[in-house]
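Sharing a structure, written as structure tokens. Questions coming.
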Amino acid sequence: MNKDIKLYLNRFKAGECTAEELLNVISSRSVESLGFAHVDHERASRQGFPEVIFCMNKTPKQVGELAATIAKNGHSVLATRASKEQFAAVKKKLHAAIFHEDAHVILFSAKKKSPVLKKHFALIITAGTSDIPVAKEAALTIESFGHRADTLFDVGVAGIHRLLRKTDILTKASVIIVAAGMEGALPSVVGGLVNAPVIAVPTSIGYGAGVGGYAALLGMLNSCSSNVTVVNIDNGFGAGFVTSTILNLLEKSSR
Amino acid sequence: MNKDIKLYLNRFKAGECTAEELLNVISSRSVESLGFAHVDHERASRQGFPEVIFCMNKTPKQVGELAATIAKNGHSVLATRASKEQFAAVKKKLHAAIFHEDAHVILFSAKKKSPVLKKHFALIITAGTSDIPVAKEAALTIESFGHRADTLFDVGVAGIHRLLRKTDILTKASVIIVAAGMEGALPSVVGGLVNAPVIAVPTSIGYGAGVGGYAALLGMLNSCSSNVTVVNIDNGFGAGFVTSTILNLLEKSSR
Amino acid sequence: MNKDIKLYLNRFKAGECTAEELLNVISSRSVESLGFAHVDHERASRQGFPEVIFCMNKTPKQVGELAATIAKNGHSVLATRASKEQFAAVKKKLHAAIFHEDAHVILFSAKKKSPVLKKHFALIITAGTSDIPVAKEAALTIESFGHRADTLFDVGVAGIHRLLRKTDILTKASVIIVAAGMEGALPSVVGGLVNAPVIAVPTSIGYGAGVGGYAALLGMLNSCSSNVTVVNIDNGFGAGFVTSTILNLLEKSSR
Amino acid sequence: MNKDIKLYLNRFKAGECTAEELLNVISSRSVESLGFAHVDHERASRQGFPEVIFCMNKTPKQVGELAATIAKNGHSVLATRASKEQFAAVKKKLHAAIFHEDAHVILFSAKKKSPVLKKHFALIITAGTSDIPVAKEAALTIESFGHRADTLFDVGVAGIHRLLRKTDILTKASVIIVAAGMEGALPSVVGGLVNAPVIAVPTSIGYGAGVGGYAALLGMLNSCSSNVTVVNIDNGFGAGFVTSTILNLLEKSSR
Amino acid sequence: MNKDIKLYLNRFKAGECTAEELLNVISSRSVESLGFAHVDHERASRQGFPEVIFCMNKTPKQVGELAATIAKNGHSVLATRASKEQFAAVKKKLHAAIFHEDAHVILFSAKKKSPVLKKHFALIITAGTSDIPVAKEAALTIESFGHRADTLFDVGVAGIHRLLRKTDILTKASVIIVAAGMEGALPSVVGGLVNAPVIAVPTSIGYGAGVGGYAALLGMLNSCSSNVTVVNIDNGFGAGFVTSTILNLLEKSSR
Amino acid sequence: MNKDIKLYLNRFKAGECTAEELLNVISSRSVESLGFAHVDHERASRQGFPEVIFCMNKTPKQVGELAATIAKNGHSVLATRASKEQFAAVKKKLHAAIFHEDAHVILFSAKKKSPVLKKHFALIITAGTSDIPVAKEAALTIESFGHRADTLFDVGVAGIHRLLRKTDILTKASVIIVAAGMEGALPSVVGGLVNAPVIAVPTSIGYGAGVGGYAALLGMLNSCSSNVTVVNIDNGFGAGFVTSTILNLLEKSSR
Amino acid sequence: MNKDIKLYLNRFKAGECTAEELLNVISSRSVESLGFAHVDHERASRQGFPEVIFCMNKTPKQVGELAATIAKNGHSVLATRASKEQFAAVKKKLHAAIFHEDAHVILFSAKKKSPVLKKHFALIITAGTSDIPVAKEAALTIESFGHRADTLFDVGVAGIHRLLRKTDILTKASVIIVAAGMEGALPSVVGGLVNAPVIAVPTSIGYGAGVGGYAALLGMLNSCSSNVTVVNIDNGFGAGFVTSTILNLLEKSSR
Amino acid sequence: MNKDIKLYLNRFKAGECTAEELLNVISSRSVESLGFAHVDHERASRQGFPEVIFCMNKTPKQVGELAATIAKNGHSVLATRASKEQFAAVKKKLHAAIFHEDAHVILFSAKKKSPVLKKHFALIITAGTSDIPVAKEAALTIESFGHRADTLFDVGVAGIHRLLRKTDILTKASVIIVAAGMEGALPSVVGGLVNAPVIAVPTSIGYGAGVGGYAALLGMLNSCSSNVTVVNIDNGFGAGFVTSTILNLLEKSSR
């Protein structure tokens, strides 16, 4: 039970607050309204990570204010799909913010990150060179959670031996993210080689009948390897997030 | 390094086998050909579970022979999307096989299952009554791996308080599977309430513009909750399988 | 029966006009041709609001002339999907016209608006910050009809408690508009909490498999809440218009 | 505030119940679990109508039990998309239940319906003869709410004068439902003739490129008449439900 | 039989040419190669109109050369989907060429057009103002064939009386072209009012689920009026061409 | 002007009827209500052919009553997509009705057909043997209008010389209907050989990515021959109907 | 030049036939009309194989007559997608015809097949057991051309070592056909291992978002291996046919 | 067996290397890592051509480095979908590189090309002028392999005689590539005239319902000519590559 609720239940019992006040506290303790947004300050405790800013379709001013509001509560800030303009607006409010341009990610750390010494790690694989930005978005997300993310780029199925000579690292990773465009076949092959969960990220790399990533998405959903799940096209952040929830469980479990 | 390879490397060194024989051993040790199928006997050691039989589009005779071949090697048998006819063919070969008709699953256990005493468990939630068969396919898969699967049925978003009064069990589960048809909104709501990974299974329940499960699939891929990943429509088995790989990791890690 | 028709029926009876003239009057009394458009001056009496200008694919000159023609008849002007160029053309003809840039709406009021003191009001809810322009288009439309439109922004399902703490205002509104992109789950949750009609507006906010708003559209059409109807993607105007027709009925009924 | 909550708040204040018991009451008062379903007994008070049974993909036994559980609480039962077998199962539990076979609707009234004498009514229009079952599903839903539903069948746009000679009744209705398949043009024409809200129901009548109702659905979403909203293909029930919520408001307002 | 063939058959019979030469004449008499194109000079006699230049995806230089090659043979030139740059290239070669910018059409007449005095005419109707460019492409095509094309703009179904007061001209036209975007309902209504063939042109006017003209296309293909046929989205030229073939037949037949 | 209107205008002038009666006559003279349908008796005079019964999704009883109602007014009956059961219901009412089973067409002639001696004729071509039923539906429709319909079956593009040796009849036909499934290429080739209008009918013949006729439909809409228009998939009736309207014009014009 | 043409050219030169007769011979020598079909007897010489009967949507009687007509000319008969009923009709006319039921293929050999001793062969690979019928259709087609077709079944990418241990035969085959459903990844992997052309056949094996074979089709079209081409879903015959044309070229070339 | 493997097997036998070293050699001999890419140096020996650079979505720097790495090993460089910027980056590293701008192809030859004197050749046909860039990409690919590629442009089906007069060259080619947009009918017609394999390339030329090349793609997959296979939309490179693998086989076979 939340501390505030405990406090108000006691106060209510003691006649120090009304029933209305009690019920109000239950619902309002965690949300801050900015007019254009309701920031969910309790998400960090509920989900293990503060609210993440999805920058697409937001004005630089909105991104800047959201970042400041989150940081103000002592939380780290992770903003995805960010533009240079949006970063500039954040930078003004949070001078220590960093922009990873190729991955379109803004990072601001509330506290100094201690060196990563954890037991488990994720491996992020791409089929081609063009899938790297999506992979980096995933890697930065995982590192924001304080986990380790190794990478292996350009090992697609047209030259399968490039992957097979790396089975060593494949079998050591606790979770594997595979980003691939075109026919999206790599997660199935990887899935067949390991016993870890595989998070497949279709990328919008391709052309003609594969444009937009739909061929890769459909292929991954129909994977003949049963340990494969799928996130939205180009959703490196989502793959990194769900991977982090698994690594969180593992760290907690192994302590 | 595999024992056979070690043996043959030594034999080769000792001049007791040719180079061809050595290379042949490396590739052939684990596959048995039935003509219509190549059974992968090594999958149990590679993936933590023997090959699963996907019954759709296979003749009863083929299913029967596959089941017998897998069982012959001391493995348990899990067959999904099975019909009565296919079960009859399996039953002839493996008398102890059991048919879960509503989930279309055949099970045959190679050894007596010890009672489940593990620390972690999965929770399987459905939005409606019609999604239950898919949920059961997931549950049976997880139990085949020796894990615990709790269930919570018919708590869809049109009456959100049915779900909210169960937040207790939601937050205790290590992994949550959510099966939903129609608009497929439930995984987003569940995802926002917990910090565990959520495996979303779109079901083909619906009609009109939602027929076939595409509305639910698209909705889940676009979930605004970042801890949600997706498997194919009606793929309860896949959701159960990937959940089991996570639970496996947790059990190993917590030992 | 229309006055003109009555007059001409009498004149015809009296032999003061020919049959052709009579029939002509019946069909031509309400339409004015501009060459590129036929302005429907009778729409205000037939539908409770004058013809609205949908600016997309029209030249600034055409928009300007249409606005002037409508205003000339003593009607207010509402123009949606307007650009700065189109507004400039309207401004030249109607100096009091106002441009709501974020909602892409031009407004010109034929008469001074009396303060809104009506009994019923609409509530416009968005799932995210990016859905606000669509919501504003709806709000301006409703206010053009002389009704009250309250708003509640960024209360999407990933943090369901942001919505639940507002059930008070939800249950007081006569009609609720819900604008949401991505998986479009919010109308279902809102629909389950109230007994008012819910007009769902899918927005084109999203990416990957959700790009263009199709995931949200399909989700809303398949809503498990039965009091939900749907308008076209990003069609804030349509949602506002149909909401206004309901509020019109309520005002008339409650008088 | 709900009575139970008040009671328990008082009991809690008086030390007669624990904090856990209090919170439990808040969440559990309204839901009854049948194992395969959670019946939402509070929906009648929350939404003005008890939970409706959507029969598709449910076993006759499940439908029967759900119907009995709802009726047991003194509520009327409305079950849509029902088969003869499902009706038989309901009939066993509720002898007074009636089956409207052409509309696939089961009805059981908890109390004698008083004659309909209300001021407002809905008009249900179909484009063709084949759209009638969908229209009847809507009509029965509206009548279940105690409202009046008039009908006008087979007045599609290929013979527009069939509709135009009925403008009298069109303009008197408070809400109009239009069910149409093929190109789905009728709602646009009707919408242009009236100032009431128009609920468009695409039907799956058609063939070739229109099969499944998608042509009609897309047409209606793109209606050039702004007072048109849309429900899912063949969703007569949904159209009837949302219409009833509007009529409820009107009745309340005019009292 | 073609004159050249007759000539060569006679020459062959007389031993004045070889069999190869004869066969060669049969196949080569009518095509001129420009390297990047094979101009079909016989199309005028075979189809009643010389080859038309579809400018999209062609370089200005290619368009200019094609126009010159066609004109060189005494034929008129009609070029559709033309840009200003392409027109400039044509203008250099054919000084009398004219550019209809709103319809993106280049015209060059080989001979002075005699005044149109023919008995039959086409009527081109648009649903909205935005459909006019497509209608103009159709009109210019018909006039290139020497026929008369009347127009009636902005008479869509949301204000059906705008169309109905024009039934006079509707019933006089020999062929009617209807260009409409959004839900594409107008051809069905027009088709029901006349006994002439109706050529429906879906336009790409619309947004959301109607973007690209697919809603209008599907609607027109599913028209409940049986005298409606359809051409590709925005294909005003095609509608004008097929209309001209019908008017050609009528003129020939009535002579 | 219609006779009835003239009469009533005179009567009204003479004071022999009220204004209401006059307006009523204008709208009601031509429609007969059967409850489930509104029969449009004036269509014969307005469109040159009485209302056609589209049998799909109608009960045999409804088809029988519609046929009887149309015949009662001295009109011929044409019913498409008819089943044996529907024919039986028609036969009971109209003993002279004939069933063309392969084309699923019921015909009943109001009067003896005089031998066809008209100048113009249609040619109906199919790409394959499987497209013949659609072609026959078209032929029967054209013959119902009293026109001549010649046929040429199985001359698809894989053996183009089968078509080329028939150019003689191709160039003589006034209108050509081409029914083709699979890639739907035949209308383009035919269109390039003639100067007549070509009505393309995509058929649902095909499999894999072409199933349902969509490949043929898209191909025909994108035909590079400009004299091609398209009707819905399998819509032989529509093709025949629009062809008849053209032949009607030609016959009238050549008299 | 064809013999008949030579003969008639000589006869024409000698005045022994008219110009019309000459031209007629050119076009008519090779086609036989059955009313419902035009059999192309010259295809064997033009394409190296007589016309193949695609049985889908043909009546048994039509299939029987087509088979007899082809055989009458001394050609072998290959009929695909055949049912038992269609085979019975063929068997009556051609007693030596054989039915391969699992591949739905009817074969009748005009002459005794000499043993296959050719240098080149095709390899047909399937991803799963369910893809075997499609592979057999391909194999029978290739053998009908007199070529050798080896097979390798159930070596899909989830257990990639099953394929890799067969690289020997993979690299020896001149052409490789790969039939795969679900994600259709196998052709990419095979393509990367060999330098032969790979013909990919998507199969309709799969479910959910992969139903109908579209996921496999899209995946194969987007293959990252450049030596992959694709035929229609389940089109084993087409894959076998095009493979045979390549083997024909190789045999001719190596003679 | 590969030389390196032989060497290490001997060294291992002689005790000169460890088992680990031996296995490592097997997997690592052929791949070079650039960080962002793994260059597959063995592809030339495995597939008859070195790795090809697909430039889309790669930075100029990446393309430049890849080109240099491939050339460094004595291989020729072929880069497709290249921009001017990417060419500039390659040019800096490889001065002899050439840019074919219309085909977006960069070529760098490792050695002087000997004149082409081979027996077999490919023919590349386009339906229209706009399809030429795709055809050129195919031609350059084939010439990179040292084969001959003839071309025939703008011979689409709307003027079928343009193609028919070229049957001579059609029947001489060993492989035919047909690039066509719009309805994509040309491969079917070509396929019916020859006995060679036909590689169909749908192009994205078209508009309306054909935009993006889907109509052409679907048409080609459904071709009624059985010797047609298909590559992705606009994939001239793929068509050229697979054609080269066939020509390679023919050259080898005919030696």
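Letters A, B, C, D, E, F, G and H mark the chains as written, and numbering starts fresh at 1 in each.
The rule is simple: a residue touches a chain if its C-beta (ideal position, glycine included) is under 8 Å from a C-beta of that chain, and two chains touch if they have at least 3 such contacts.
Quantities reported herein were computed from a predicted structural model and do not represent experimental measurements.
Undergrad: Would you kindly count the fewest steps from chain D to chain G, each step being a jump to a chain that touches the current one?
TA: 2
Undergrad: I need the common contact partners of chain B and chain C, sorted by label.
TA: Joint contacts, listed by label: A, D.
Undergrad: Farthest from chain H in C-alpha centre terms, which chain would that be?
TA: Result for the farthest chain: D.
Undergrad: Determine which of the two chain pairs, E-F or E-H, is joined by the larger number of C-beta pairs in contact.
TA: E-F
Undergrad: Among the chains, which is located farthest from chain B on the basis of C-alpha centroids?
TA: Max centre-to-centre separation from chain B belongs to E.
Undergrad: Please state whether the interface between chain B and chain G is built from the same residues or different ones, using more than half shared residue numbers as the mark of same.
TA: Under half of the interface numbering overlaps between copies: different.
Undergrad: Please report how many Å separate the Cα centroid of chain A from that of chain E, as a whole number.
TA: Each chain reduced to its C-alpha mean, chain A and chain E end up 55 Å apart.
Undergrad: Report the inter-chain centroid distance for chain B and chain E in whole angstrom, where each centroid is the mean of the CA atoms.
TA: Computed from C-alpha means, the inter-chain centre distance equals 59 Å.
Undergrad: Determine the centre-to-centre distance between chain B and chain H, using the mean Cα coordinates as centres, and give it in whole Å.
TA: Between these chains, centre-to-centre, one finds 41 Å.
Undergrad: Could you say which residues in chain D touch two or more other chains, in rising order?
TA: Each of 159, 164, 192-193, 208-210, 214, 217, 221-222, 226, 232-233 in chain D touches at least two other chains.
Undergrad: According to the definition already given, which pairs of chains are in contact?
TA: Result of the pairwise touch check is A-B, A-C, A-D, A-G, A-H, B-C, B-D, B-G, B-H, C-D, C-E, C-F, D-E, D-F, E-F, E-G, E-H, F-G, F-H, G-H.
Undergrad: Within the complex, which stretch of chain D touches chain B?
TA: Per the stated touch rule, the residues are 24, 27-28, 30-31, 35-38, 40, 42-43, 51, 56-58, 62, 81, 202, 204, 212-214, 217, 232-235.
Undergrad: Can you check the complex and tell me which residues of chain H touch chain E?
TA: Chain H residues touching chain E: 128-130, 132, 153-155, 159, 161-162, 164-165, 205, 207-211.
Undergrad: Provide the residue numbers of chain C that touch chain B in the complex, in ascending order.
TA: 127-128, 156-160, 164, 182-185, 188-189, 191-193, 206, 208-210, 214-216, 218-226
Undergrad: Help me check something: in the complex, which residues belonging to chain E touch chain G?
TA: Contact set of chain E toward chain G: 1, 6, 9, 12-13, 15, 19.
Undergrad: Give the list of chain A residues in touch with chain B in this complex.
TA: 46-48, 52, 119-120, 174, 192-199, 217, 221-222, 226-233, 237-239, 241-242, 245-246, 248-250, 253-254
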